[in-house]
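Both of the next two complexes hold chain A, though its partner changes from chain B to chain C.
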Partner chain A sequence: MKKDEIEKLITLSSDLRWKIGDEFHDSLAEGIYADASEISNASVSRANEKKKFRLDSKIDSIVTSKTWGFPIMFLILALILWITIVGANYPSAMLSNLLLDNVHPFLKEVAANIGMPWWLDGFLIDGVYLAVAWVVAVMLPPMAIFFPLFTLLEDFGYLPRVAFNMDYLFKKSGAHGKQALTMSMGFGCNAAGVVATRIIDSPRERLIAIITNNFSLCNGRWPTQILIATIFIGAVVPSSFSAVASMSAVIGIAILGIFFMFLTSWALTKTVLKGEVSTFNLELPPYRPPRVLKTIYTSLIDRTLIVLWRAIVFAAPAGAVIWLISNIYIGNESIAAWTINFLDGFGFLLGLNGVILLAYIVAIPANEIVIPTILMLTVLVTGVTGGEGAGVMFELDSVNATGDLLRAGGWTLLTAVNLMLFSLLHNPCSTTIYTIYKETNSLKWTTVATILPIIMGFIVTFLVAQIWRLF
Partner chain B sequence: MNYNPVNALLIFFGLVLIGYLLFRPKSGWFWIIKNNLKSNEKIIIEDVLKQLYHNENSGKEMNLHDLSNSLKFSDGTIVDVVKKMAIIDLITFNGDIIQLTSSGRDYALRIVRVHRLWEKYLAEKTGFDKTEWHDRAEKMEHKLSHEETDRLASHLGNPKYDPHGDPIPTKLGKVASLEGEFLSSLKVGTIGRIIHIEDEPDVIYKQILAEKIHIGSQIRVIENNKERVVFYAEGQEFILAPIVAANITIALLEKEESLEENMARLSSLKDNEEAEIIGISKESRGDGRRRLLDLGFVKGAKISIDLKSPLGNPIAYLIKGTSIALRKDQASKILIKKGVKHGK
Partner chain C sequence: MENKVNSACETCPQYNAKGLKKLGVHTGNFDYVVALAGNPNTGKSTVFNALTGLRQHTGNWPGKTVVRAEGAFEYDNSKFKLVDLPGTYSLLSTSQDEEVARDFILFGKPDVTIIVVDASRLERNLNLVLQILEITDKAVLCLNLMDEAKRNNVKIDERTLARDLGIPVVPTSARFNKGIPELIQTVNEVASGKIICKPHRIKNVPKKIEDAVAKLSAEIKKQFPTIPNSRWIAFRLLEGDARIIKALKTGEFV
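Moving on to the complex of A and B:
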């Protein structure tokens, strides 16, 4: 074709484009729908669908009603969390009995018999193995209970109704109603919660849900909260109320997390995220009987095992680091002791201490090992008798003994309260950070999601500590 | 240093205050310094050109005094810049009236083109709020090069109008005409369509937005006097002050080509009512609009309310056999015709 002909063609096309105007896409969609309905009218015969429809709308009129909508929702969520926390205790105890109390000594014995040098034995068995075993024992059972339950609800079709009910509240902070679901999923595991944000198809709201998922107290943090609340909060009230007091403290922290989630969502929409595209729509699919076996299978494979695998991959090096810093000496102090001394001043400002800060640094891979690490480090720096040796994480059988050890480490009620706050407001675990990066594909948003909560944690614990000390 | 919680708190709040003063939106010191560093001659020249262009288009003549009144730069700077612009043949003096030369006019058109294209871009491809489009475009118009502008235009499909209804000049400087009359000048009973909403001054634009008046809406004037202009559009009555109404341009329609009088917004649909969709308002843009079309919110589709959420918003609508929840502000941008017979 000659050059001027091509140019003529281009001018013609841009002229035509002007003439078609903005309605172009509308007409196209209309045309497609018109054709589609013609085809379906001609070829599809509808059976009696009315009956099923009536049942659907009956369920809908209850679960989205003004009186029952919210109570049903909270009841179901509370029930799932309760089953998860209580139900996970037994398998967790069994697993930790097996992996920590039996396999670990056995491995040590084998290592001693084959004459493995002490440092290799410590590095591999006390460091790497123990961290992995711990994560498996604490993480696997709750996830194996929580995710199938959640997936069953999803399969049944109830979850979109929750999003529908909650949307107005989330809209006020610029978020999507479906964030209620990813937030609840975050109570199980933040990494899984971040993956679950795929159900939000609006880019801006999805980013909000990803960044704020960390404010849902995850399975790895519930045990920490419960333990610390039992030891310190339960102790300030008469013993008959201690269970109630500590339980409400933990629930209070979880609710505070939801508050921070709304606050951050709102702040993000008003600032860094306001340029992102926002579209809303929510389909309410018909209910259907859940396929129990398939659900259990897929939720175990898709959610539990993948998340567990990632956690193990990250926990292994963390175990190694924990062992190394406690066993490598500079001068006559271990690296851990040096760091703790260094961090103590800053820790004091936050109403925490160096041990806690160091534990949170080395336990970035998994929140599950925070408490064992704190106990080990406390023994290391205070020189109290007990524990399993430098770099070997442990937990005590009795809550009282744990309390005594922590008090010997200089803990007060303020330390406990601030630890609970800091456990809620700190960077996501490395599994979650990695997942955020995979989902957003952006270094910028991963950094925001990582740094933002820890800054909030610093500010909140700092303010609490100062105000506490004023009185 | 002695530790004391009061000192610690004081230092903390001191830092927060400094951070706030430096970085608060718009008037933070950091932004002010940053803007001053960038505020160079090119920007001033382009702002002067744009000002002259708009005034010449509306038939107003400007002298140096008017110019410095309408721009936020100091008088000295403007005098310097105007001198220079006369030398490089962008403007000429006719007495004390300043006029654009043809090259000045071309340059001004290019700036206007970038401004309107960028507003279109913000409307279609980003989530920025309407109220921010103008200010952001004001900054961007000084930044984009020729090639970037052309690429932007073709990326947007060479649009004819910006989201306010202003024509976008083409690459060759062609400007589509905007033929309409100001709402404030229409007689009672006139039927027309909103084709343009002026986004300056800000105060009036925000009032129009607050009324939820949508571009592209069909209107009928009910009352027009010195106190107020009342018109009927999309099933609702709107009342405006004449000065506000003057910022809305209407294209007149013949009575015959006017569409249904019982057109309404989907947000006004009640329980147990059934309606037919007429279309989606021009106010619904970009991905959001495409999404609605894909879900089946197209002309002729039957629609009714399926469910209301406990807090009243969103509402799930039954369309093409599925239940889809929309928020109120979205539903207000879908136009329906009520009173369709109950389908089976």
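Moving on to the complex of A and C:
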């Protein structure tokens, strides 16, 4: 082609650029603004410019005020969590009654009638089916409440105000203020939060946002937090306060996560990711009354079902793995029992136990299945009857029974506290890890994002356990 | 919203966009490509959903759409592929979302670009509009969020605005499906060549720079006689935009 001509063009442009000097960019921008103002002056008119009562700015002055901004934020979070915790109980009980107490025995019966071999029946129905059913029963109700509530808040226009409130803290920690938005997305799903970091222009700050997104307690981990807090934290206070105490514990963990996010962001900017904080304009959009029914509908379809589907897809093979490692024997111990014994020593140092550590290995694909895996493995180790046999996931009928089982497995308040901490501070789920790799295109940063939180989890639980045992 | 008749126009068969068929994600075999650009948080995704019948999630915060989404609709026997671009304030810097938007308008060569603006913040939104009008000849201004503008007592003379910008202007309230039929019809008329746009070109440029731009732009025209945006490419070359220099070398503009 006319390569020479193109080269000439480029040379000409650099010559001209030298001649104009460095005011080009600014002059052009100024020119555009001048045009914009001329055009808009010609066609826009504002009726009675007098200061009239503006509801938007009135609300803003309260929800972004120095005094009230943060309390209101936590209050709203508490309210949403409260509605989720209380409201999810009933549909959850109904679903588990249907899927676990009725459909499961029915499937077993069908399998027996058609003469399915015991290992296939165990693998498919006790392994895969139960894992899936548990995820549906436990996850669907809280998600179906939490996501629409969160989406309503989002449509109303509250999220940018959260970002506005936290901007100062992000700046202090050397990160980008928009990270507040991606962090909020992470409270729903970390993988979604990682994708959302594309709104951050500077690669350095985007990387920080990606690495620290895991500190937002995601939807797969809320149920674990809520259940453990209800069983153990709620039990140490008088019963009339137990709901408040367990809710506070969960919020405490969420805030601790935000604290760790700031800490890690700050540490990264001081060490490997040094650089200037970039400034940006954050538009506070007007409050818009959400269209309630439409929002609930779309958030159910777009968020809840998609996340649920993902959980099922991952829970099915995990359920199979659990069944397999509990039923394949090396010598006279199953692989699961052997691994648990091996991990127990290390687990004790962390104030946890081998069961929990193994559960976290099995649950890498989906955090949602941590609790059922722990219960199943505890039955296996302690020999407590009440479950359905080796490698069979189950949900105990009441929260109390679950607590009794765990205490029989040697659990204390320390175990519970450290499990909650470890649930916050451990590697992201495999979907998030894959998403991080796709977004950063770097094996190195994916590894950092994966390993860093788990190291912090080891350190924190270790310290808590040692200090706890001193007293 | 209730179905009461607000004007005589609403009784006209043309008005109700009878020929509209929302095609969702079925974007194959299209006749025209339509891009949806605009500042963040002006309701692009809502317009997108109203046109395609899809339910891309919309949120009231800037930066919701970070990748481009595609959908389709059919009107008057033509199939339109609609591409929802990330919201940006400008096309002059190079963050990832801005690049996605700019590259699509520049290299994707959409048949029509719908520029969605917030009616109550027109002046600020025009910054992006004027930049897009340097790149493409065929555009429609979607003056969205008219309900909010009305609430804030902002009045816009659409005819003057259309004349100054040199492109059709359609007021809408996409959240309530208002103005969408008119928007579709206008898009169709621009795509089919019934309406010829004469877009505004940036005027308030210092003489020294304007001379340089004119000189460079003429040279570019000599090499690529068919492109409509030689002036904008000249702007970018003077800025030293590496992506544009590369595109010149590979001939992506042709």
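Here is the rule we go by: the second predicted complex is superposed on the first by the 325 of 471 C-alpha atoms of A that agree within 3 Å, B and C clash if a C-alpha of one lies under 4 Å from a C-alpha of the other, contacts with A are read in each partner's own complex, and residues count from 1 in each chain.
The working rule: a residue touches a chain if its C-beta (ideal position, glycine included) is under 8 Å from a C-beta of that chain, and two chains touch if they have at least 3 such contacts.
Small disclaimer: the values here were computed from a predicted structure and weren't measured.
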{"item": "Contacts of A:Gly275 with chain B and chain C, given as first, second, both or neither", "value": "first"}
{"item": "First (chain B), second (chain C), both or neither touched by A:Thr298", "value": "second"}
{"item": "Which of chain B and chain C A:Arg17 touches, first, second, both or neither", "value": "both"}
{"item": "Which of chain B and chain C A:Lys66 touches, first, second, both or neither", "value": "first"}
{"item": "Which of chain B and chain C A:Leu181 touches, first, second, both or neither", "value": "second"}
{"item": "Partner chain(s) touched by A:Tyr33 [first = chain B, second = chain C, both, neither]", "value": "both"}
{"item": "Partner chain in contact with A:Asp4 - chain B first, chain C second, else both or neither", "value": "neither"}
{"item": "Touch count on chain A, higher of chain B and chain C", "value": "C"}
{"item": "Which superposed partner A:Phe462 touches (first chain B, second chain C, both, neither)", "value": "first"}
{"item": "Partner chain in contact with A:Ala196 - chain B first, chain C second, else both or neither", "value": "second"}
{"item": "Overlap of the chain B and chain C footprints on chain A, listed as residue numbers", "value": "14, 17, 25, 29-30, 33-34, 37, 201, 281-283, 285"}
{"item": "Of chain A, residues touching chain C in the complex", "value": "1-3, 5-6, 8-10, 12-14, 16-17, 19-20, 24-25, 27-40, 42-48, 151, 154-157, 159-160, 163, 178, 181, 195-196, 198-199, 201, 281-283, 285-288, 291, 298-299, 301-303"}
{"item": "Of all residues in chain A, those that touch chain B in their complex", "value": "14, 17-18, 21-22, 25-26, 29-30, 33-34, 37, 57, 60-61, 64-66, 69-70, 164-165, 167-169, 171, 177, 201, 203-204, 273-285, 348-349, 462-463, 465-467, 469-470"}
{"item": "Residues of chain C defined as touching chain A within the complex", "value": "40-41, 55, 57-63, 66-67, 86, 89, 92-93, 95-97, 122-124, 126-127, 129-131, 148, 152-158, 160-161, 164-165, 175, 200, 202-206, 208-209, 212, 215-216, 219-220, 222-223, 234-235, 237-240, 245, 248-249, 251"}
{"item": "Contact set on chain B toward chain A in their complex", "value": "3, 5-6, 8-9, 12, 125-129, 132, 157-161, 279-280, 282, 286-296, 298-301, 306-314, 316, 320, 322-327, 330"}
